[in-house]
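Below is one structure; the comments refer to it alone.
First chain written, first letter: the chains are A, B, C, D, E, F, G, H, I and J, and each begins at residue 1.
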């Protein structure tokens, strides 16, 4: 089941603000109503708290394993999206965090969910 | 016939505002004048009332079955669009709701109907 | 001949404002000078008066038959456009109405006519 | 020779302002210097004076014949453009009028002439 | 050699301001250093002084012959561009004049020269 | 291992500000968790400190060798990006520096990291 | 070796400001570290000082020969760009000068350098 | 339910062989296992028996109503395809008949079924 | 685990040969070496044994559930492909069967496996 | 260094012939002349010896590690390609084997190398 403890972090490797984007194309969980598999893409963007403020970044392999931990979980799209936002917000306490999930359709319906935390930083606009 | 009672909800899984978009490509109902089938796409976008205010989100399978309940209904495009908006507004009471239907033509006329409730939230612009 | 009485309406199915767009690709009438056929596209967009103010919407099949009633009519492009706007304005009394006709050429001249009534509503911008 | 009297008009079929655009791809006149034929496209856009102010619109077949009356005329591009603007302005007295001619080259020179009368109306922007 | 006296003008055929653009694809002159031929495109745009102020427009055939008069002239791109601007400015005294030359390469270098006189008029933006 | 001492510089060849962009498509390092190779693109943009202020620019071959020095290093994406920014900032002390890394996926996750130093200079906008 | 003395000029052929752009696709010099050839595109844009202020423009054939004089020179991209800017600035003393070099890659790194002098003039925007 | 008697025909209007293709984008039936709606595209291609051999062609409006008669039928994709082939073969007895159905996915599986009768005629290869 | 007994069939609905293609975009199983999830697309094409020879076709929902039964199975790509071919061959005994799997990459390697049974039928070439 | 012993195999999971294709986009080795890194894509296609003849298939993770073992090896493109073919042929003894390498350029030259063993099987043509 989704397991926040899988999320490892490492100290932010910089005092200056910077931006990180991770895109995972093969997310899968189960529909809580039917048990059938759901498939989607998860995009995570964040600006970590700087090193001198004790900030951390999520480690990529642990993020992959954390995503895998949803594999057998019956959970709504909306809950997936907010769960990822909340778990990442808790373990990293970033300055800005945006989680977007896009789902390849169940019952003929395609869905997209957007959850955010904080303001869009200027560095994102520069990239 | 269209049956609002088919719409199930579950508690909004977050206190922070977020955005949900569902797109259904295979909506079908009947023309109330001729009985011929109509075919269209339904897009539903909303920002649910947060969890701490008792908000709910529509459950996806129930949304599919609700859409299917229009299959043998003789109903105007305009009524379909407003009916969906009203039914979703009633069962969810969201902060923002937008329903767009696009119809693949009847009698040589292509149509598009837009019904809204509330103001466009900033999270929609960020996604 | 163009026959406004062909236009049926049904009560606006909502108290909240919404937007309707109908596009007809195969409009045809006759040139009033030469009797030759004209061919064009008619786009109708409107925001109906709400239900609680006694508003109505044009019924689609009747709109098709109304468009067909121009088939043997010798009538100027400009008159077609304003006639449609006026007829639809009279039978519906909408908040906003826009009629655009595009003509595929007569005597080597391609034409486009735009007639409006009321201000562009915010819902149109949202869609 | 160009003959303004060929331009017929009919009463503006509406009291509300609206926009008309006519595009003629096969305009031809003669070079006043060499007698060689010139070929071009003429675009006419206008907002007629409303019906209740006694406004008129140019009739399309007469516009075509008027354009044809330039066929044997030796006349400069600039004069064609202003002549059309002046003639149409005189017979219609519109609120706004724009005439654009584009010429497919004479002596290896392609030309475009723009003549206007009045301010661009908001209806043009809506279409 | 370039001969301003070749430029004929005719009285501006209108009192209202309008815009004229001439594009000549086959301009040729000689490189003043090597004697090799140069080939380029010349674009001339202007707003003539109105008729009631005694304005004139350049006559197209004379413009062509004027362009041809550069054929055996050894002259720099920059001088061509300014010479055309100066000659046209002198014979027409327009309200606005813009001359752009684009050259198809000499010694592996492609060039573009822009010379202007006066402010861009609003009519240019409308076209 | 990543070796800043590989970075050679040469005196900024100008007193006026200017902009430099280097794009390296074949960056590779090792995942610090698994030892598996990572592959990505590195974009470096900077405005050097002018010559009269003692500024320097990074030498391109040394930059290539510096990038190669990450080949056997186990290092996080985020650290690579900030390390490059910090190393380049230290050896060059530029007015503006932007480092963007894009990674072709590890564990099914594609990543992009953006690190900056200083304000975007006007010269970048002009190019 | 790069030889500024190759740059010939001629008096600016106008008192009014105008814009010149030269693009050279086949610039080549040598890497100062390895002696291998570098290939790139050079774009030069400038607004010359007017004739009545004693301004001059660079002569095109001399510019070509000047570019050719880099062929056997071991020189950094940055130095090429600034050298060209400085040499052209010195021989012409223009109002505005912009030099952009784009390099097709050495050691797997593609580069672009932008050097400017003065403010972007309004004539550049008009073209 | 699917009703072959809805299919009307008319005599083939030619003695020479020719080819007819009808594509219906909005076919819908029900899954016989779940009762959920299926949506697909039906392509019918045939070469009718010539007029002098007593051949017939299917009438288009009757074909539409025949397709509509599947709307509430629980039937497999494979049976739909063969049923259409058999019904059309029986009422028309064509020389060649090909029915292709493409289904927009149920349970994440997209399907395509091809049923034929007779040999591909040379006329089809020419189109 | 992969469970052939999940595969239901129904009698082939035709005596004439025809072709069926099913494409499943969201197949997932586990790597038998690492336990990490694999993701791929499965394409199944077959020509069933005709009805009068006692042939059967695989039922679509059962095929979906059969695919889902690989979700927690540690199995090589090659074994998945042959397993699907063998299971479908056994339950349907078709005239022709082709199974193609395409995998979205594990460890930076994309794979495709093709397993067949029987000869390609002419109907496949017609579609 | 390249290490054949890293290649693990597992018994071919079928008696019938089938085809396997693996594509690795991020192969890297070192140039034996300069020590600089080379980057390329490796495609491996084979038809394994069937199970009942004792055939084996290469295991994917071991193939990845085998590819990684070239990372610090100074080796020519041609030698890489043949080495992979020879090593895979030895550990699998397949019926057919094809190895294609494509290299992203060193010194401005892009290369492709093809090495094969055995005849192309008919199954490859069907996919």
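Just so it is clear, a contact is a pair of C-beta atoms (placed from the backbone, for glycine too) under 8 Å apart; a residue touches a chain by one contact, two chains touch by 3 or more.
All figures in this text were calculated on a predicted structure; none of them were measured in a lab.
Comparing chain pairs A-I and A-B, the larger number of C-beta contacts belongs to A-B. Repeated interface, listed pairs A-B, A-I or B-C, reference F-J: A-I, with more than half of the contact pairs matching by residue number. Here the CA centre of chain F is 27 Å from the CA centre of chain G. For the pair chain B and chain H, the distance between mean C-alpha positions equals 34 Å. Averaging Cα coordinates per chain places chain D and chain H 53 Å apart.
The distance from the centre of chain D to the centre of chain I, with each centre set as the mean of the Cα atoms, comes to 67 Å. Counting partner chains per residue, chain H shows two or more touched chains at residues 36, 39, 104, 107-108.
Chain I contributes residues 25-26, 28, 36-37, 39, 68, 71-72, 104 to its touches with chain A in the complex.
Touching chain F in their complex are the following residues of chain G: 31, 33-34, 76-79, 81-83, 85-86, 98, 100, 106-117, 120. Partner chain D is touched in their complex by these residues of chain E: 10, 12-14, 16, 18-26, 48, 57, 59-64, 67, 123-124, 126-127.
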